[in-house]
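Quick one: this structure, given as structure tokens, is what I'll be asking you about.
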Amino acid sequence: MGLNLDVRNKMAKRAAEEITDGMVVNLGIGIPSLVPNHLPETMTVMFHAENGILGMGPSPATGKEDGNLCNAGGFPVTVVPGASYFDSVTAFGMIRRGKIDVSILGSLQVSSTGDLANWIIPGKKVPGMGGAMELASKANKLIVLMNHTDKTGRPKILEKCTLPLTAKKCVDLIITELAVFEIVNEKLMLIQHFHTTTVDEIISKTACDILIAENLKVIDF
Amino acid sequence: MVELQNPFKKITSLDVALEQLHDGMTIMFGGFGGVGSPPTLIEGMIAKNLTDLTLIGNDTGFPQIGIGKIVSQGRVRKIIASHIGSNPIAGRLMNEGRLEVEFSPQGTLVERIRAGGMGLGAILSDVGIDNEIVSAGKKRIELNGRTYLVEPALTAQVSIVYAKKADPYGNLIYDKSARNTNPLVAMAGNFTIAEVEEIVPLGSLSPEEIVTPGVFVDMIILSSGVNWKWAWE
Amino acid sequence: MVELQNPFKKITSLDVALEQLHDGMTIMFGGFGGVGSPPTLIEGMIAKNLTDLTLIGNDTGFPQIGIGKIVSQGRVRKIIASHIGSNPIAGRLMNEGRLEVEFSPQGTLVERIRAGGMGLGAILSDVGIDNEIVSAGKKRIELNGRTYLVEPALTAQVSIVYAKKADPYGNLIYDKSARNTNPLVAMAGNFTIAEVEEIVPLGSLSPEEIVTPGVFVDMIILSSGVNWKWAWE
Amino acid sequence: MGLNLDVRNKMAKRAAEEITDGMVVNLGIGIPSLVPNHLPETMTVMFHAENGILGMGPSPATGKEDGNLCNAGGFPVTVVPGASYFDSVTAFGMIRRGKIDVSILGSLQVSSTGDLANWIIPGKKVPGMGGAMELASKANKLIVLMNHTDKTGRPKILEKCTLPLTAKKCVDLIITELAVFEIVNEKLMLIQHFHTTTVDEIISKTACDILIAENLKVIDF
């Protein structure tokens, strides 16, 4: 049940609101990679890649790709003024040292206390954790951008993750095609939802208790 | 063509370099998703029919890209890597019990490789400490009230890396994000072979720009260039 | 003079930089025998009359060179360093009980600083394991049949470094052997001030040549230049 | 009781014989710094400095010194083609990883089993170990260049060091103004002596048992 580009772009647009001028941001593959399209052009954000780039710019034009200038997902990128190249060990030093202001990742499951499970489905998909454990446990703010439910319609936001964890109590914000949740003090709070859904639908598709923000907002794009 | 001086006897041919590699060896490779992996050495390893290898590197590339080409042919007994997701054949071999995979978080893995290259015994990190797979079999240490995993250094019998330029001493510079794990892997090999796009005369690299000092490089061969199609192509 | 853009608000004056430094602080400094230590910040620290400091760095310089100027004035309560031999005043203060010195082997010290900068807990090394002063109070670990000391990471409230050029993001390049401990110290400060010979516009440093990525630098000031006479002069 | 330059140069000349083409060599301050003067000009040796240089050349001419290009002792140097600059952590990585073929140091004492004591005189001189522990324990060949006796005439080669050790069983060769000793399997063997002395004098100024090489040679310079 893939989301169409319009819905994915709305999720990315909402995520972009979490980014402010001067931040250092790491984006995972998939929907997170759409986030830069929704930032004001005047904003100075330093995008970080685990392979060893700080200061990635937009994708190059077709035919202008450079096989030696790719992001951690292996896709061609460009760099902005002020960018630097370094080895992967320095790239992860930045993460561990808390220099990543915002990390935006996809996930398989998130628990109501902010546990993240996005690296393995035992017996099935075994991609490996890559850099997700470092990003999840060390980024100053961790945002999960994901479908609200899995392919078979089962909730991905749960009381407790059933898949092996990537890191515990690390998620700060969840953005799905339905809603935005904040996790504060290990409590899941619905703070916003898209105008295309209702609180009842969100509750029915979420497998844990949800606090509802007093000033619950409806996202009108 | 100017004849290059070879005062350190490090510049050699692919065939001579391949004499260093044998079945059953532990080999560390540079690269990240295939970017920055040495194509000519990889092709040579396949042509030499090497098998039963233990590999150490960031990932298993793609089925027909980078180290993935070797992994996909079932030539690898074990790999220490941070992910194999971009190479479904690696996943299948693993699930069939034909490929042992030791997963290490990416940042921990490169620190372990660097520690090997720097002659350290291990590093202490708290990444993955709650994770049963990452922490399995590893010692834990309390330090200043926090708990860390002891993450052992990694070295290899031979390291293979890819660089943009080498001088005859083996001083290396890299190209953009193709640097990635290469400077670390170069240091961690007990014997390190650098495949480079260009060999330049001694003294033509600025001492400031050198990323890998030549003392870490034992052999230099000229690359025939990347011979695979990138995933985005 | 071209007005430099300051989009990251990191470029500032000595006076504003000195507001970050206070009595009793733990401060890490770059440099090796005074070479590569930030003269203007050191002069400013003396003018500000800072005292009761804990310093971390390679050595105590010479009495009138580098960090030695501060040490010689008795402004330091404790220093973690690898040697104090070039500064006899430091030795005298130590023997008089007025300066606590924690000795760490040079290579271990810089690895500890780097580990702090990289967010690691410690490194394991066997250097100095037979030495009662080096090994005092440190945990030991057996790993693959060898014994190592657990050498804890070092960080500081503020790091001060010296570089050749910075751009407004704080990307740094160094000059020859004045690089020494500076890139490591730059990473290990919870707040890092870079004193630089020149500030250049964003984009004028090549991404390849940058040694310290600007994300590790919080503040940039222009240097007034070395104001001491070298020992060999 | 400092040695005159002529004697020191003879010691350095003898030490230079241990260096062959292509080696990576680290020299301590004092007499070791005289060694390069005694190498053939055609020889390619990479001199290493702990602060972060590989490929040091001769001292610069007076007036051509660069305050930012100094060796680990703080003295101006030059670089040869193929040299590189790096941070101190990499400089010590080279040492720990066994990339230094020969290290030549001064010392306060050496034991007959190769223990080195050169970093501290308790209650008196407290220079600190600097990089000596790494060099002593990790260089492939460790050569000590030192006076045979201390200022008061007491032997510096002993059964057991009385000063705190820098590293155990690390010294391979001792060169003094009198003689050259090899230490193999924790046994001290006199292999050469300068023509200005006798075996009896050497024995009388050495505070431990000495094996005498069958092919004991006299150094005739």
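Here the chain labels run A, B, C and D in written order, and each chain numbers its own residues starting at 1.
One rule holds in what follows: a contact is a pair of C-beta atoms (placed from the backbone, for glycine too) under 8 Å apart; a residue touches a chain by one contact, two chains touch by 3 or more.
No experiment lies behind these values; they were computed from the predicted model shown.
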item: Chains touching both chain A and chain B; value: C
item: Interface with more contacting C-beta pairs, comparing A-C to C-D; value: C-D
item: Interchain centroid distance [CA atoms averaged], chain A/chain D, Å; value: 57
item: Whole-Å gap between the CA centroids of chain A and chain C; value: 36
item: Inter-centroid spacing, chain C versus chain B (mean Cα positions, whole Å); value: 32
item: Distance from the mean Cα position of chain D to that of chain C, given in whole angstrom; value: 29
item: Sequence positions of chain C contacting 2 or more other chains; value: 111, 118-120, 125-126, 174, 176, 207-208
item: Shared-contact residues (touching 2 or more other chains) in chain A; value: 53, 85-86, 89, 92-93, 95-96, 138
item: Pairwise chain contacts under the document criterion; value: A-B, A-C, B-C, B-D, C-D
item: Residues on chain B engaged by chain D in the complex (per definition of touch); value: 7-9, 117-120, 167-169, 171, 187, 202-203, 205, 207-208, 210, 213-216
item: Contact footprint of chain C on chain A as seen in their complex; value: 22, 24, 44, 46, 48, 53-55, 79, 81-86, 89-90, 92-99, 138
item: Residue ranges of chain B in contact with chain C within the complex; value: 111, 115, 118-126, 139, 141, 143-144, 146, 148, 150, 152-153, 173, 176, 207-209
item: Interfacial residue positions of chain A with respect to chain B in the complex; value: 49-53, 65-77, 85-89, 91-93, 95-96, 120, 123, 125-134, 137-138, 164-168
item: Residues on chain B engaged by chain A in the complex (per definition of touch); value: 32-36, 58-59, 62, 81-86, 91, 94-95, 101, 103, 105-108, 110-111, 113-114, 125-128, 130-134, 174-184, 211, 226, 230-233
